[in-house]
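Both complexes below contain subunit A, partnered by subunit B and then by subunit C.
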Partner chain A sequence: MLNYLLFIATIGGIYGLLALGLNLIWGGTGMVNLGLAGFFALGAYASALLTTTGHLPILAGWVAAPIVAGAAGLVVVLCTTRLREDYLAIVTLGFAEVVRLVASNEIWLTHGTDGISGIPGPWRATLGREWFNAAYLPILLVVLVAVFWLVRRIDRSPYGRVLRAIREDAQVAQVAGKAVLRYKAQAFALSAAIAGLAGALYGHFTSYIAPDLFLPLITVYIFLAVASGGVGSPAGALVGAYLLMALLESARFFVEYIPAVSAVQRAALKELLIAVALILVLRLMPRGLVPERIPRAPRA
Partner chain B sequence: MSLILQALINGLVSGALLAVPAIGFTAMFAVLRFPNFSVSGIATLGAFAGYVAYGAGLQVVGSLAVAFVIAGAVGLVLDRVAHLPLVKQGALPAAIASIASGLVLENVVRLGFGNDLRGYDRPIARDMHIGDIRFSPQQFETMAVALAIMLAVFAALAFTRIGKAMRASADNPELAALKGIRPQRIAMMASFVGMGLVGMGGMLLGLDSSIDPLTGTRILLSIFAAAVLGGLGSPLGAVLGALLIGIAEEGAVLAVGSAYRAAVGFFAILIVLSLRPRGLLGERAF
Partner chain C sequence: MNRLVGRRTALLSGVAAVAAPSVLRAQGEPIKIATLTPLTGAGGSYGPVMAKVAKAVVDEVNAAGGVLGRKIQLVSEDDQTNPDAGVRAARKLIDVDKVSAIVGTWASAVTTAVAPLCWESKTFLCTVSGADSITQLPHQGYLIRTQPNTVLQITRTGDFLVSLGAKKIFTLVPQAPFAQHSIEIMNGVARKAGGSHGGLIYDDKKTTYRTEVDQALRFGPDAILCAGYMPDTVVLLKDLYRAGYKGKIIGQAYAINQKLIQQIGQNEVVEGVYTYAPSVAEGSRALERVKKMSGLSDPDPYTSQVYDHVNMVLMAMAAAKDTTGTAIKDNIRKVSQGGGKAVDNAIDGIKAITAGEKVDYAGASGPCDFDDKGDILDCKFRYEQIKAGKPVLVKIA
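Take a look at the complex of A and B:
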């Protein structure tokens, strides 16, 4: 039971990282990243390959993953920043599909759909499975708190105010002399990097990754987390992520008790529930549980 | 050489089928101003509605009509209930909600039919050969149906009152409203017809292969690519874009194998956005 709770807390923390990353651009600049699962996968694969095939230490993987994902994010956003936001939505969605295609087909590199197993975890061999789970959670929480601190700093800094100004009206921000394009590109790349870091932490925790673990469904999860927590509020993103975890797990138990349904139908019911929840949250509580607080402008 | 010619013909055929949902998607975008991602779920729904109708004894055309009505009606309800109330906040919340509703439809179909591949039980016909080039008569039948649908859509847009009203409303909603065109009615019409076309597209693309709950998700990127390539909001552009995407996809199969066929749409979008961001025919070629 304790082990189960540790597992849930860790996965919830990884979703929390993804939610913080998404919130930075969705709440910050009003851009969306529908390819979140792709950047998550990219980070997971980068770190897993460097530490298995590349024999590098785990820490190197954790450093490389956000760099790789951030660079990919920069490329994606630079292709579309001149256009309206709906194009970015379409392109990012495609990006995640391409990542999954490459992961499934470049077997020499990624072992295809078999996935990569035996990804090392810190002190996994010496600790054993249960103690490993107990030791990993604090590591994850340290990273989570660090990222939370970072995005909150950004949120409350002059930089964050510029991002908000861009969200409210990019033209006005531009007229005020802010380099809108640069701000957007930086924010998007940072957000992608956070997703990549989350991917690396995920792979080293579960020790196994495969293309099927990075379905677009993950992206929907994270949108649900951010929307229910409150778009634009970093604390809300964390609340939303653990709420999502609670919903996912209770949905799992709930569908177990429905008589006469097959495993496929159970999975379908679960996805259905999440999707309906997202629609309801967007429709009924657009400001979320922890509504965004716009800090008062400092007096000059 | 004959390989290339064969790929070209296959590409034109699949492009013609793809054009049907692409017109639907782009027309909805022109009027409702948000990218509706639930086309994935609606295409799946249309494919299964057509499948059930065909199994019940209807012919291809009758089954397509069933697919049109069911997909259109469900699409209209989803737009009213889940997407359009959010457009006030911007295009993106509506787009996100539409991803969720696409997922809802996909899983409703999965609840009813499971994950198995299903095929339309069409009578088997012998392929025709001209030189080395292979034609299947059914492929051409499907393509002819797709072309007929397209002709009907364009005729309706050009000659009927409601078609003209739709074009006016897409071009300038305020001016159209001043002229007495009720925006609410136009929006509902766009949802119904647009999603109906997407539903028929799902069935058309399923006719020659097989269908499963992910049918719509697999063609989603190709539909977007066709619409973006032609210029978002331009039905004629969508047709042109769909033909080009169809050919490019078959070409990619020839060049790098079928594994990366699904990536063609993505790269086409990236290239178009970098070189000619408004698409081949521009955004307002309605």
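Take a look at the complex of A and C:
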């Protein structure tokens, strides 16, 4: 049981990283990035390839993943400077699908739909399965706390205020003399880098990645997490990610005690339970569990 | 205030979720095994009946006294045809339920994702996935599969086409783990028979395949293998018909099925098209039982395979006098092959094993004999031809 909880806490933490990344761009500047799964995939593949076919240490993979994903984020955002809202969402969704299709077709590089298995984990062999789980969670939590600290600092800083100004009205921000494009590009690249880092952490934890892991479903999960946690609040993003994971997993145990239903009905009930729970959260707390709080700007 | 109540309730229900199973689990000591089949998602039309048949086998064995005097408890989880969800479900099965075997993983990506968890935790895994790479994983023996791999499937199909007199074969296959390999194997088969071969890989989400068909016809084939799924094969067959192709066509029976004929809507498009499929053990008593358990008159190979998985796992436990995954790994081949009393279900098998006899299981999907890597050694294939919108059996070989 403990081992399972450690595993779920780790995957929850990875979802948490993704949520923090999404919140920065969606909650911060109001840009809808449906390509989250693509950046997640880029990070995962970059790190997996460097450490398997490239034989580099895991740390190198973890450093390279956010750089690759961040650079891709910069390219995407600079290609889409004129797009906003729905249009940006469509293009980013397309980007994620392109990443997935490249991963499934460039077999020489990515092993195609077979995926990459045997991705090394830190001290996996010496620790054994159970201790590896126990050791990975603290590593992940350190990264999570560091990223949380970073995005929270951004959120509270004058920089964060500019991002929010762009979210509310980009034109006004521009008129106030802020370089809107530069801010957007930086925030988007940083958000993509965080997603890439999450991807690297995921791959080295589960030891296997494949294009099927990066379907748009994961992006939808993270949007749900951020929406239920509270758009615009980093703490909310984290809470939302863990809430989502708790719902996904605890629903399993609830439906096991419903008598006289077949396995498939149980699976459907499970999905239903999760959906109802999320609807309830958003119905009762439309601004999320930890609503955004906008600190007053200090007087000059 | 309102929010406080909300949080407290959320916290309580979370605690309850974690605490509930351990309280309820404290009674009895049944042997636990699990199905991990796709109950939702792309495999959702296969998984439910697979889980149902596994449950029926377990109920039957329990009614006959169980294994080693203990009852068997079956836990069924949903892999959602998605590797991420599959891994989470498998972790729950391994770490919380502590099952000794997982049977029925369907999609290759799910099996590849779940397999490392199984061999690391010494849990036995039986799968119906076909990708060749699966048995090449370093699984230390903790994995067997009853689905013939690509090599076996394509070689047999190629041999069948050659036996029909095909000289120039063209392979059209969607991008999937078996794509490149399928083309290479078919190439070998055609060359060996003194013919020639060409192939291309296409994207299975396209709405037209005119360019692909043009490219195939430029090769001048007298037989085309369409190794795709149902939706893309619909488009492909229509485009081949429009292009005036008159040669032979063969495809997987799971793609060229009744639904495909209905969707195409014109019998002349599919007239004469051949299909192939790993055959269930037609006429065997085991298959009759699967028919009864599943309530289907024509159960698919996956369902038959899961029936065999459960029976073999339970017999391996009886032979080992132990219920761990390692015990199953070390004994599964002792009950599945190597001669002895022929059995086709676990109840008879367990009786014979308890009486000290050696058994050799042959089930609903075939003889169920495995090589060292976990691949099945042999399997019968069923070839059919569509005539006036209905599949007609050509042969089982």
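Keep in mind that, in the parts below, the second predicted complex is superposed on the first by the 264 of 300 C-alpha atoms of A that agree within 3 Å, B and C clash if a C-alpha of one lies under 4 Å from a C-alpha of the other, contacts with A are read in each partner's own complex, and residues count from 1 in each chain.
Rule of thumb we're sticking to: a contact is a pair of C-beta atoms (placed from the backbone, for glycine too) under 8 Å apart; a residue touches a chain by one contact, two chains touch by 3 or more.
Because the structure is predicted, anything quoted here is derived from the model rather than measured.
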First, second, both or neither for A:218, with subunit B first and subunit C second: second
First, second, both or neither for A:8, with subunit B first and subunit C second: second
Contacts of A:299 with subunit B and subunit C, given as first, second, both or neither: neither
Partner chain(s) touched by A:105 [first = subunit B, second = subunit C, both, neither]: both
Partner chain in contact with A:246 - subunit B first, subunit C second, else both or neither: second
Which of subunit B and subunit C A:262 touches, first, second, both or neither: both
Subunit B versus subunit C as contact partner of A:278, first or second or both or neither: first
Contacts of A:286 with subunit B and subunit C, given as first, second, both or neither: first
First, second, both or neither for A:114, with subunit B first and subunit C second: second
Set intersection of subunit A contacts, subunit C complex versus subunit B complex: 101, 104-105, 217, 262, 264, 267-268, 271
Subunit A partner contacts - residues on subunit B that touch it in the complex: 34-35, 37, 82, 85-86, 89-93, 95-97, 99-101, 103-104, 106-108, 110-111, 114-115, 213, 217, 220-221, 224, 228, 232, 259-260, 262-263, 265-266, 269-270, 273-274, 277
Complex interface listing, subunit A residues touching subunit B: 30, 32, 34, 79-80, 82-87, 89-91, 93-95, 97-98, 101, 104-105, 216-217, 220, 223, 227, 262, 264-265, 267-269, 271-272, 274-276, 278-279, 282-283, 286
Subunit A contact footprint on subunit C (complex, rising order): 3, 6-7, 10, 13-14, 17-18, 20-22, 24, 35, 37, 39-40, 44, 47-48, 51-52, 55, 75-78, 80, 82-84, 87-89, 91-92, 94-96, 107-109, 112-113, 116, 120-121, 131, 133, 137-138, 175-177, 179-180, 203
Subunit A residues within the subunit C interface of the complex: 1-5, 7-8, 11, 101, 104-105, 107, 112-115, 117-118, 129, 206-208, 210-213, 215, 217-218, 243, 246, 248-250, 252-254, 256-257, 262-264, 266-268, 270-271, 284-285, 289
